[in-house]
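As written, the chains take the letters A, B, C and D, and residue 1 is the first residue of each chain.
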Amino acid sequence: MVLAARGLRRDFGGFTAVKDVDLDVHHARVHALIGPNGAGKTTVFNLLTKFLQPTHGTITLLGEDITNTAPDKVARMGLVRSFQISAVFPHLTVLDNVRVALQRPNRLATQFWKPLSALDALNGKADQLIRSVGLEKERNALAADLSYGRKRVLEIATTLALDPKVLLLDEPMAGMGHEDVGMVAEIIREVARERAVLMVEHNLSVVATLCHHVTVLQRGEILAEGDYASVSDDPRVRTAYMGTEEA
Amino acid sequence: MTLTFELQKQKERTPVVAQTVFLGLGLVLLLLAPLFFYPVFLMKILCFALFACAFNLLLGYTGLLSFGHAAFFGGAAYFTAHAVKEWGVPPELGILVGVVGAALLGAVIGFFAIRRQGIYFAMITLALAQMFYFFCLQAEFTHGEDGIQSVPRGHLFGLLDLSQSSNMYYFVLAIFVIGIAIIWRIINSPFGMILKSIRENETRAISLGYSVRNYKLAAFVMSAALTGLAGGLKALVFQFATLTDVGWQMSGEVILMTLLGGIGTLIGPLFGAALVVTLQNYLATSEFPVTIITGVVFMACVLLFRRGIVGEFYNSRLGRRLGFEHRQKH
Amino acid sequence: MTMIFGIPLQAFLGQLLIGLINGSFYALLSLGLAIIFGLLRVINFAHGAQYMLGAFIAWLLLAHFGIGYWPALILAPLLVGLLGAAIERTMLRRLYSLDPLYGLLFTFGLALTVEGTFRYLYGASGQPYATPALLTGGANLGFMFLPVYRGWAIVFSLIVCIGTWLVIEKTKLGSYLRAATENPVLVQSFGINVPFLLTLTYGLGAALAALAGVLAAPIYQVSPLMGSNIIIVVFAVVVVGGMGSIMGAIVTGYLLGVAEGLTKVFYPEASNIVIFVIMAIVLLLRPAGLFGRDA
Amino acid sequence: MNKKVIATLAIMLASSTAALADASDGKVKIGILNDQSGVYADFGGKFSYEAALMAVEDYGGKVLGVPVEVITADHQNKADIASNIARQWYDTEQVDSIMELTTSSVALAVQAISKEKKKIDIVTGAATTELTGKQCSPYGFHWAYDTHSLAVGTGGALVKQGGDSWFFLTADYAFGYSLEENTGNYVKENGGKVVGAVRHPLATTDFSSFLLQAQSSGAKVIGLANAGLDTSNAIKQAAEFGIVQGGQRLAALLFTLAEVHGLGLEAAQGLTLTEGFYWNRDAESAKFGKRFMERTGKMPNMVHAGTYSAVTQYLKAIEKAGSDDADAVSKELHAMPVNDVFAQNGTVAPNGRMIHDMYLLEVKKPDESKEPWDYFKVLATIPGKEAFIDPAQSGCDLVKS
């Protein structure tokens, strides 16, 4: 178990967005967080990555308590996330986007006296990542000019660039074409061999084929948990889920 | 929360030629300028241009709008003037005192200001700079309304007599070029890349593990130090330091210069500064009050050409053909 | 004689009351700023200029048309409100889609222009504006001599602040305003004219500033510079308050007025910076401000 | 670009400026440099320019057979703009002297430039005694008033009138301190005492707190050691709190007719102040005042009248010297007595200080004022010798005993 949350709760004013959530994310497994819109999935992500401070509860990452740790520190400890809406640096090229991520562990980030060409040392690793997500044609294009799906792919590449121990992916397939969905699923499967992955996903067929474990959230609370088959058979899940959204 | 962008695009080498020609031409013009213009006037433009470029390092390349940069500019002018006049240090050391002082001041103000973003950041820098203004008003060494007067220019490295107007001009030009080179290096460095990415998408930068606050603070201090370079230089050029340079109007002026020249372009602020300084000088002898014009230019810039002069040129057909790619988010 | 912190209780009470009077102006001004910011996401740098305009219009009405204080109390805010609305309609509106900083810069330019114009036309040393006959004189409160007009200023500003708060919290229009702040698209889909609401809000904010200006005219010299002197302090008030709520802006305004008033007694040299010092402390302990919510 | 080219450039530059400085130009040019858009726009402003024009016209528009030209610029209260203009005027526009120079920082900066360029400067707008003290110049003159004379006038003379206990409201910076200190000394010298002082920050809008402290001090006189809007606001609020009606006297240390006009008699009545000029003092000054009023719509204060006097005296000195050369003119300026509408039997000390009488004035009640701008009663005349610092004590190294 690499990431664990106990009794997670978050209030906004008088409204409770997340309530008593316990979560265990394991090494080398893909864990899906599903639920209807407004169930609190993204809030859970924000709490786990410390972009939001929980009202109650504790979070441990790799055995360390990170309940009061700053988000950038959490990222440096190896918990890296993607965002629901693609998060790239729009006016940097694809290559630079990846290199910004690669720069961090290399001390290159603080060197203001060196020329940009110092970053060329990262090109080998960067190109490898770019190839692995199939962006080699767009290597020198601006991120802003990419299609939505390609931006998502780029975001995954920058996330992987950090070689994280735990990956939190917020709807990685949303807005993607068919072929991309297949490719990203493959990437995730590959990645999860040596890492833990927690993902929010609406595409239930992807969840069915990819995920080892599923947690269903509803109104900020855990409704059901287990492997896909057992969860999808749960009548409560069926009414809650099918009522609002078709898979 | 970002404003504008200059894009460093790894492109073919052809535009580089055009840009080098422009750069060389500009340098030659600056070297010859004293033949055609009044040297003190030119030096003033260079000081303000360096100030605006240093300010732009923060606004254009990190996306932080400081409304308190006058504190570093005027503060450094006081530090340099005091060091040179009262302690009798040589000019190069005096300027160094100004730079270090401004950097320390930047560290203090930055420490508080980076806790908030966007508009709040602007308001906090404004308020803290105002506090510094009151300090300067009351402190003994600034001589209140009189200012520190008759600051000797001294001899550079004990050799070059700076009271000679032409010597001083080339000294100012040299410092200006060095300052711009430093800014250029910071922008086009691995560190500058991170600043750009923070400007582009702060949340993403955090999620990649960057302690954004530290980077912002570093950029703030660098900008303050370079502003101090301009301020200290100005104190030597004019041989005094007064309250004008610490007032919040000065913070507004540098924003205007940057906006007018082109936010996020390396040399835009130079044009902005030249224009504003010329305008002020010209209007001084006319009937019409300067503040009205300044205000109207401000509004026009924001409403009509947010790219600024240089930004508009980069974006024009000619500019594009010459390879000055300039993209703006809005 | 009872002493508090080494000064007589009576003097202490007097200073407290005076602090409250200054706080009235801070509250009125930060209230307008908060309303505009809440809906438009614009920091209205021209707020000081609009405050000055209010006072100047009152003076112009008196000097040129013989229109006195009481009508001016209605007319000046109305005129400034209309002017504000016109500026919003024609210019400010174009900036909503951009970074909010452009709104700040635009209103900064506007403030310079307005201030410069009045300086050019009427000089900088200021114009006299007499206290209205009904409110001249003073009352001996035992611990201090309170000019009637100051008493009026404090009561009137309280009424306006609470009235504005009631309108925003308790009326239908107010609920639209609040809803539009939260989610403009949603409100528009309910058939509410959001652009009109924005114009109205800016006009209202400007009118509040002008009202404070008219209220200030008999106390302070009516001068083109009166606005720029106060606006930076009001900004600090707003940072301390935190823009979280309308009530927050009002309460912080009064609180800081009192804090400043007491500093004038204990350590007068620092009275200009005490608000900035408080701001720095608040930023350290509660970066979102006293009443602010985390974004 | 090599060293040789730069050297050539430098030589060309040096020779060109030298040539300009030597060129005798067939006219006398005076620059009026002051604040025309900021806080001091009424105090001096473009009205001082009008006063200078009037002086030139009254002189006949010519001196030594060449025309006299007056140019003006707005330094916006910024020393760097002022210094830029001053240098440009001297170097490229053949300006022979610069006058007015409101704001201490500007006056000191321009005086330093004038000294370096060997040009005459006559300050009427700025108050600092530094101009004729440590930073004095053989070509620099201080004409209308200074902080010392204001302190002596208001401090010394008022004590003689019975105002023997003082409380100061002081602007918290050097200018305020020096006013307070100077005035306090004169109060004590004349047998009065200072019972207290409160330092208020510059640009305070609300003075009520300070005024209450002054009120409860029981002092007979409340001295306002501040300037501009601060003083106006303090006076206005003092009226509101009934301070003058309560039997205390208000004394403004730097305040002129222009500001009293802005404040109105209702608020300003009973205020005591010192000026070097009052238009309604005698027939001659009234005649001058009315002529000035016709041109500008305003009655002159000491800065305007002082500028008129300075320009006139400068032209007389050129006439007498037979040249506009700064050394010769300076010599005459130091030697000639000043007798005009502004000063009677004024003398110029070796430190550049023009020594003349000052007037202690009281603002009339609204019903005492018989005509527009009839604002002051003259309480006392302070002889120049008392009003200004003894040149030997001024700290100016041009004064050798």
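Following the convention adopted for this analysis, a contact is a pair of C-beta atoms (placed from the backbone, for glycine too) under 8 Å apart; a residue touches a chain by one contact, two chains touch by 3 or more.
Keep in mind that what you see is a predicted model, and the values were worked out from it rather than measured.
Asker: If you average the C-alpha positions per chain, which one ends up nearest the average over all of them?
Answerer: The most central chain, going by mean C-alpha position, is B.
Asker: Taking the mean of the C-alpha atoms as each chain's centre, how many Å separate subunit A from subunit C?
Answerer: 46
Asker: So, what's the distance in Å between the C-alpha centres of subunit C and subunit B?
Answerer: Going by mean C-alpha positions, subunit B sits 33 Å from subunit C.
Asker: What whole-Å value do you get for the distance between subunit B and subunit D if each is reduced to the mean of its CA atoms?
Answerer: Each chain's C-alpha centroid was found; their separation is 36 Å.
Asker: Starting from the mean Cα coordinates of subunit A and subunit B, work out the distance between those two points in Å.
Answerer: Once rounded, the distance between the two centres reads 41 Å.
Asker: For subunit A, which residues are shared contacts with two or more other chains?
Answerer: none
Asker: Hey, what residues on subunit D touch two or more of the other chains?
Answerer: Where subunit D meets two or more other chains at a single residue, that happens at 37, 172, 201-202.
Asker: On subunit C, where are the residues touching two or more other chains?
Answerer: Counting only residues that touch two or more other chains, subunit C contributes 116, 119-120, 269, 272-273.
Asker: What are the touching chain pairs in this one?
Answerer: After working through each pair, the chains in contact turn out to be A-B, B-C, B-D, C-D.
Asker: For the complex, give me every residue of subunit A touching subunit B.
Answerer: Touching subunit B from subunit A are residues 49, 51, 70-73, 75-76, 80-83, 87-93, 95-96, 99-101, 103-104, 108-116, 118-119, 140, 142, 158, 162.
Asker: Taking the complex as given, what residues does subunit C use to touch subunit D?
Answerer: Touch residues, subunit C against subunit D: 11, 14-15, 18-19, 21-22, 116, 119-120, 123-128, 130-131, 138, 144-145, 147, 149-150, 218-221, 223, 225-226, 229-230, 261, 264-265, 268-269, 271-273.
Asker: Taking the complex as given, what residues does subunit B use to touch subunit D?
Answerer: 27-28, 31-32, 34-35, 38-41, 44, 134, 137-138, 143-147, 149-150, 164-167, 170, 234, 238-240, 242-245, 280-281, 283-285, 289-291
Asker: Residues of subunit C touching subunit B in their complex?
Answerer: Answer in residue numbers: 37, 43, 91, 94-95, 97-102, 104-106, 108-117, 119-120, 232, 235-236, 238-239, 269, 272-273, 276-277, 279-280, 283-284, 287.
Asker: Touching residues of subunit B toward subunit A in the complex: what are they?
Answerer: 5, 7-10, 185-186, 188-194, 196-197, 200-201, 203-212, 215, 218, 222, 327, 329
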